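Both complexes shown next keep subunit A, but they swap its partner, so subunit B is in the first and subunit C is in the second.
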Partner chain A sequence: MSSSLTYAYYPGCSGLGTSIEYDQSTRAICAALGIELVDIPDWSCCGSTPAHTVDHTLSAALSARNIAQAEELDVQGIITPCPSCLTNLKTASHRMEDPEFKEKVNKLLDKPAENRLPIMSVLQVISEKVGPEGVAKKVVSSLEGLRVAPYYGCIMNRPPDVMDFDDCENPVAMDELMAALGADVAPFPLKVECCGASFGVARKDIVAKLSGKLLDAAEDVEAHAMVTACPLCQMNLDLRQDQINSANGSTHDMPVFYYTQLIGKALGLDAKSLQMDKLCVPPAKAFRKMEEARRANAS
Partner chain B sequence: MNIVSLSNSYDADFVSAVEKESKQNVSLCYQCGNCTAGCPYTHFYDIPVSQVMRLVQAGQRETALSCKSIWLCATCESCTTRCPNEIDVARVMDVLRHMARRAGYAPEPKVKTFTDSFLSSVEKHGRVFEMGLMATYMSKTGRFLTDADLGPKILPKGKLSFKPHPIVGKEQVANIFKRYNEERNS
Partner chain C sequence: MKIGVFVCHCGSNIAGTVDVAKVAEEARKLPDVAFASDTMYACSEPGQDGIIEAIKEHNLDGVVVASCTPRMHEPTFRRTVERAGLNKYMFEMANIREHVSWIGKDKEANTRKAIDLVAMAAAKLTNDRGLTAKSFEINKRVMVIGGGVAGIQAALDCADGGLEVILVEKTSSIGGKMSKLDKTFPTVDCSSCILGPKMVDIAQHPNITLYAHAEVDDIQGYVGNYEITVNKKATYVDWEACTGCGVCTEKCPSKKSKDVFNEEIGFTTAINIPFPQAIPKKATIDPDFCRKLTSGKCGVCEKICPTKAIQFEQQDEKVAESVGAIIVATGYDLFDYTRYGEYGGGRYADVITSLQYERLLSASGPTGGHIKRPSDGKEPKNVVFIQCVGSRDKSVGRPYCSGFCCMYTAKQAILTKDHLPESQSYVFYMDIRAPGKMYDEFTRRAMEEYGTRYVRGRVSMIYPMGDKLIVRGADTLMGTQVEVEADLVVLAVGAEAAKGAPQLAEKLRISYDSYGFYMESHPKLRPVETNTAGVYLAGSCQGPKDIPQSVGQGSAAASKVLTLFSKDQLESDPQISEVNIKRCVGCGKCIETCPFGAIEEMDFRGEKKAKVIETICQGCGICTSTCPQGAIQLQHFTDNQILAEVNVLCQQTLQQSFE
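This part shows the complex of A and B:
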């Protein structure tokens, strides 16, 4: 049997591209926290939102190929940083508890999936298996003074009977981890509101409106930065922030971190693995405000 | 919403098809409006989600399948999470979109093109090739300036690969699509 925290890791397609800093920082902090990740051999795309809007069996089969690949490994379960991949994997697994559906899905696959491994987000594993206390013990460079607005996105915790983690209306896992790093956690009222999801390409107006609301709210609670756990949310808020500003006449200049980058920073991990330079809105401003807040507190 | 005459337009087969495919009992909906109240997309919908539920109950196939809302639902799961009658409303919306596709409706053509481009990228490479996806999308929609302003932001970051990341098992993924299409056409 492998060590107690060994998981099959599903990076998700965006982890190779637009969210490479999320993937890299996830790998770095898992190593530092004693979570062993074994990449799912030859993993494929889960189909993301497009697949389930076309057909549920097709969508489940695209996820189930990865579940079957992971079943070759000696691991405790499957974990992924991406909430969209997570939803697809978990929904497929949940629906395959129905033998009739499972058979339909397996008929589309070269190699059938047994569907026996638990599936979790990396966030869930860190918050439940390591815990905020476990993380706090490893902090070498506190984030004291940094005021963050944790934003979970819509599907990390919903629907609750499938996702089975944290609170579906008021999740706190990231809040607790950020507090454990010493950060000042703002009460963010739109934790689970949708950012506009994958409509950035086909309907920019939708993203401008919904993500714009999130940025406004983060500004209202005087956050120095937002913290996310979702590649799509991060991309809408960060990469599209100028588009949002010009659509709404706003002037946001809000850094948007992955929670893994902030954990990594507090654990003193090297800049290369955290890839802060991949963020579009430069994070330096947030750290300057953190220093100012510290000085103000000290005096 | 327009007034519908139930006596000559109630389609019982439609109601049972939605119920069967979604595994939900739509008659449980008592129109409390919770789903619509929490739906972040209501502003962009032509018919709010609770009214879509009503149309399904009332067997209004044509109106339900031709609306834009089912193409704009992002499956944010707000409605499903908050429905007091435990109806998986987002699943009903998904199923309506499946049916609308099969019936040839596409009132949000760009959304459909994006979905199709995404899936053909997966079918071809086993994983999504982000650059290739955008190229396909742009050539199909003729919107060459889509996100052109993002290029200078993202390209210097070296995040986007100009080549796909093919996988060894890409045939296995292509087989999933092949079998799915055969099944559907049989």
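This part shows the complex of A and C:
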């Protein structure tokens, strides 16, 4: 094994498109934190939301194929930044603990999956293997003064017996990492609320209501920015912020970062690899507020 | 020997899945069986009369009844054969209900097993011999463990009945949970005003000795003669000298001690008297927060105490007490509400428990009876009550109903409106369970007269927004989601077994269920007795109960003790170990293994021998299986008696193996 932390990396479809900044910043900070990522060769779509509504075995087979591909690598586990991909991988793996189900799934595959590798989110690996102290040691440009509202989304920690990470009602992994960067972490009450995710296309009114509530809550705790760990959450809060404002009559102007981008910034990584310019609500004003807060603290 | 066998139908309980007539028919073929029949209800009057008639008519020497559990009816049938003139130990029972008919539906297999059990009982009976009980004196003192309302009632009833009572209470004052309540349902009368006088009666009763701030350490002995060690924990105050004047509590500079009586809403001084009506009204020092005890500096209370009662060097003290019976009334604890992460209890200051709310309502509470929310001291307008927090929820391991939460929530909603007429209360509930006298009327009053809005559905989440708490839940009657903006949320926490209940049960040698609640001897007919003679239950240690139920049970347990003590002597169980002096080699193995210390060494014509102390032996039989000589035998369960049972069961197999 080349490094102590080597993982099979599953970027997921959104990582190559709508959330390319999440994928790029994840790769950048993993390199900086000493986590080696090996892309799963010839990975395929995990089935996302539609597959498991049709057939559990077929849906599991989509993920099991990726698991089988990863098993050929010399790695400690499979990791992915996207909670939705994570849910599919972990649910498939969890269900395959039943030998009967495993057999049905493997029948659909050219190459059977052994289902032996642990599956984790990138967030879990950073918070458990590197740890907030490990991250803090590498900080070169502290985020002191930046008040952030960490938002985990509804599926990063749920269902608890499948995901088996952090507290499903009050997760703290991102809070601790943000605090390690020097940021001022707001007690955000809606950490695990749904943003409306899957209704994005069909029922924009629901997204406007649910995501609007999240933005209201972030405003209420006086956050300068929100921090997310999910491509869909980030998209709903950031890309749709104007839609939400016009639907709800609100005037939110809240930057929504991926936590990987903020870690990257604090570690002093270059702007290109963090791709802050891909964010729709310009992040600059959050950093301006951070500077103001620093000056106020200093005086 | 002439044996009679009676096979009971127990209605359809046994006859439904066992061919009882066949069992009787097969029994008739057994050696020594002179009479066998099946009978509808062996325990009924005609059933018992039938047994007596048969004994007389057939001149029987012993009886086998094949029916239900011996725990319930062995004494019944022993009395029956005794009435017919036999020794009551010339009786055997075959349990063909719990061991046969209730556990399988295969009638043929059941019948076969029942026949075997009857054959075993008959074989044992042929080896039985009559035993005679001895009598022993009873120590007519009683110990009550736990000074809540159930324990108080039990202690007062026993004491009024002329018994000497020792009341042991873990905390520094009696009164239990009831003393923390502001009002009681459904009468809305002042809790401490009705409990207070009873507490004073405890203090003043000449027959009652109260050990507060004390715990039971060790229990030895048996019904009529228990030896108990009580550990009086150090209070660092000489309670003989302390007058409860309270000067020390005013001057104590350490004000960070947990205020247990006020459910930890706020703090108290390191030396404190828990509440104004405390019994005994004596000061106690919390050693974790006392500056003198933690750092050696301070000692203000010592300087100021007018009676020189402070004793920083005081140690725990062990007291030995002898009693004849024990009433256990150790009560319950509240469910740990922080386990519901979605309610934010423990994270949000304004999400509190029902008992904390009770302290806010109480005039002797931390806010002097003004409802102020903990976060900013403001009066709340919208108060949301959430029921079944730790009740009827398998996911947190509490599938049972705690019984009293519906009622105390209704009471608190009514009191909220009384205190704050402008307020609006909401109650999220699953069902309303209000089966007591005037209970349903009371919850209706909360809805109809006091305008409390009852929403049927669970709450999914609580989160703060500004200085409000948003309570989101389902209204399953409307079929919609609802959100309520609350200023204060009160969680109606359920009851669970008191901490340390299983450990005390081990000391008492009584059973407890999987939740830690103590088990009664029979759920219907012996509700305050345990399976250990002389140990009785009262109040919520047996399961969640409201005040009238607890008081009723306290009185019931007291009457059981008075009944027990109405005799001067008790008969000892003759089913105890006996040493065959000729066989005993004096190795002393039995002395080592006896868990009760019931065997001692004696000198017999210059030789070492074992001797059983008859009143201490519990008849467990460990010594008999230990003795290498087979010299010590448990009466009524001797080696020969048990081997006879095994032999008859193995006879067919034995015969087959020789064929």
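Here, the second predicted complex is superposed on the first by the 297 of 299 C-alpha atoms of A that agree within 3 Å, B and C clash if a C-alpha of one lies under 4 Å from a C-alpha of the other, contacts with A are read in each partner's own complex, and residues count from 1 in each chain.
By our rule, a contact is a pair of C-beta atoms (placed from the backbone, for glycine too) under 8 Å apart; a residue touches a chain by one contact, two chains touch by 3 or more.
The shown structure was predicted, so the numbers you read here are calculated from the model rather than taken from an experiment.
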Superposed model, subunit A: greater residue contact from subunit B or subunit C: B
Which superposed partner A:168 touches (first subunit B, second subunit C, both, neither): both
Contacts of A:52 with subunit B and subunit C, given as first, second, both or neither: first
Which superposed partner A:189 touches (first subunit B, second subunit C, both, neither): second
Partner chain in contact with A:216 - subunit B first, subunit C second, else both or neither: second
Subunit B versus subunit C as contact partner of A:271, first or second or both or neither: neither
Overlap of the subunit B and subunit C footprints on subunit A, listed as residue numbers: 168-169, 193
Residues of subunit C that touch subunit A when the two form their complex: 341-342, 344, 347, 461, 463-466
Touch list for subunit A against partner subunit B, complex: 13-14, 16-18, 20, 42-45, 47-58, 61-62, 65, 69, 107-111, 154-155, 158-160, 168-169, 192-194, 196-203, 205-206, 209-210, 239-240, 242-243, 277-278, 280
Touching residues (chain side subunit B, partner subunit A) in the complex: 40-41, 43-44, 72, 74-78, 80-81, 88, 90, 94-95, 97-98, 101, 108, 110-111, 113-116, 118-119, 122, 126-128, 130, 134, 137, 146-147, 149-150, 153-154, 157, 159-161, 165, 167-170, 172-173, 175-177, 179-180, 183
Subunit A - residues contacting subunit C, complex: 167-170, 187, 189-190, 193, 216-217, 220
